[in-house]
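Just below sit the structures, each encoded as structure tokens.
Shared chain: chain A. Partners: chain B in the first complex, chain C in the second.
And now, the complex of A and B:
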């Protein structure tokens, strides 16, 4: 597993963590405030662990990878960049992403690199709880046309989360026809905005600790 | 010269920052202690990678080792070697007494199992409890409700 591939996953988890955290305080119910906040915290924890692993190889540290790279160096998928979705889209993204992530983690667990395989196994165990939550909402909303529309809209983005050889498995898992994926090429303005926001303290007071 | 037993005793005094009734040793997250030339190497696993208390725990361990007059080297293991099955019997009892249902054995991690598994209310002992929210105040906790004594309580997630 090379550093760039791990960075893709780390960036996905970091940015999705931030997006999920945008529901804190405004989710449709208090229970969902708690759930999305907790999932967000854990996704960012996964990002931190992955950055840590990559940083050993690149001779840097996790925070530098998370916050100091040029925006064009982020490797996250277009699916996780999108901001301020309605609840139908938020759940559609959550369901599609967690299903894709399960396929990706299953492959990582087979890595020849013991550190990568070990971390993937740990992440996978924790992600079980994210999947349970995603599936529960998918079951609850699946008869809603608005939810189906959101799934259709986000489907090409979800395929772009995975490597081409893993996409058929995702299509099968979610019962959809494979379409052209939206690849990891360039970034939306929404990501640039988010990066400004999440690096604000670090940029304004370099080296700050607390 | 510091001994391994002294290190374990010192670490047993460190409470989990989020659930202070239980120590890091009871939680089973300290995987190994080794002493070499006065340096104390500790291998430690986070409960969940998203645990917000990770750094607090790491600093608390390092400080305890310095108090013993040795130099700490705390290694955070990013693997699957810790499981809630490693929480000691004493630790499980401490959790229960303070209102946390201890985790179910590893394996009980799908929704059907979580709904069917018997979780005893830590307050009244009834098994008439249900899952309210998979997520709670920290990544390692879920929320349950006891229909017998009408008391919500927290459950340590199985990992």
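And now, the complex of A and C:
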């Protein structure tokens, strides 16, 4: 397994975990607050496990990969970078991402690299609950025009999460026409802001441990 | 809708009331209970029950103070020993 491909997934999970955690304290209900925050924490845990796997190959460590790379070196998809603070968009992104992630994880579980396949299987055991959560919200919001608008808007971004040969499967699964994907190249200012915030503590005291 | 959640801490242990979640339907209730009472590996299993399904029984009059209803009124041990003797199953106890 190519280290750059694993970094894409790790970066997606880290940045989406961060974005979802922006709802902590202000989600639509207390129960949802706990659930969405817990999912966000899981995603960051997955990022960490993936960074650790890649770091052994690259001779570095997980924190360096997560926090010390130049912003241009982050490989995350445009879907997860966006700061979307309305619930329709947050859930549309969650639903599209989890559906794409299921396709990606299924492929990873078939990897010839035992460590990669093993980690993918572990992650998938937790993702089952993310998918359940995403689907129940998708079912509930389906008739809401605001939700449908959000899905339409984010759809080209969602396709960009996957490799080109996996996109048809995603289109079929969510019942949408395949369109031109927004690829992983270049980053928005929103990611730069997020990275500033995310690395604030680490930059203030380099090398600190706790 | 309010759903009451009961939590089993270890396999074989009795389920105990853990708290409640507010949810629009059972699917949401299960998902919310899963995260609220299971995300820290603190539960072996959960029961999620709509509050309406629970019947409360709360009136226990004892106007005449019939203390003989209480178990401490009897020495069951001795009665049990004699019964076992009669049945011939007392030996190994």
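Heads up, the rule we're going with is that the second predicted complex is superposed on the first by the 209 of 210 C-alpha atoms of A that agree within 3 Å, B and C clash if a C-alpha of one lies under 4 Å from a C-alpha of the other, contacts with A are read in each partner's own complex, and residues count from 1 in each chain.
Here is the rule we go by: a residue touches a chain if its C-beta (ideal position, glycine included) is under 8 Å from a C-beta of that chain, and two chains touch if they have at least 3 such contacts.
Since the model is a prediction, treat every value here as computed from it, not as a measurement.
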Checklist entry - If chain A is used to align the two complexes, do chain B and chain C fit next to each other or clash? => result clash
Checklist entry - Counting only touches as set out at the top, which of chain B and chain C does A:132 meet: first, second, both, neither? => result both
Next on the checklist: Which partner chains sit in contact with A:2 here, chain B, chain C, both or neither? Use first/second/both/neither.
Outcome noted: neither
Next on the checklist: Comparing chain B against chain C, which has contacts with more of the residues in chain A?
Outcome noted: B
Next on the checklist: Once chain A of both complexes is superposed, is A:118 in touch with chain B (first), chain C (second), both, or neither?
Outcome noted: first
Checklist entry - Looking at the overlay, what does A:34 touch: chain B (first), chain C (second), both, or neither? => result both
Next on the checklist: After the superposition on A, what does A:140 contact: first (chain B), second (chain C), both or neither?
Outcome noted: second
Checklist entry - Is A:48 contacted by the first partner chain B, the second partner chain C, both or neither? => result first
Checklist entry - Thinking of the overlay built on chain A, is A:72 touched by chain B (first), by chain C (second), by both, or by neither? => result neither
Checklist entry - So which bits of chain A does chain B touch that chain C touches too? => result 31, 34-35, 38-39, 129, 132-133, 136
Item to check | chain A-facing residues of chain C, complex | outcome: 21-24, 27-28, 31-32, 34-36, 39
Checklist outcome for this item: Counting only contacts in the complex, chain B reaches chain A at residues 46, 48-52, 54, 77-81, 109-111, 114, 132-139, 143, 157, 159
Checklist outcome for this item: Touching chain B in the complex, chain A uses residues 31, 34-35, 37-39, 41-46, 48-49, 52-53, 115, 118-119, 121-123, 125-126, 128-129, 132-133, 135-136
Next on the checklist: Going by the contact rule set out above, which residues of chain A touch chain C in the complex?
Outcome noted: 29-32, 34-35, 38-39, 129, 132-133, 136, 139-140
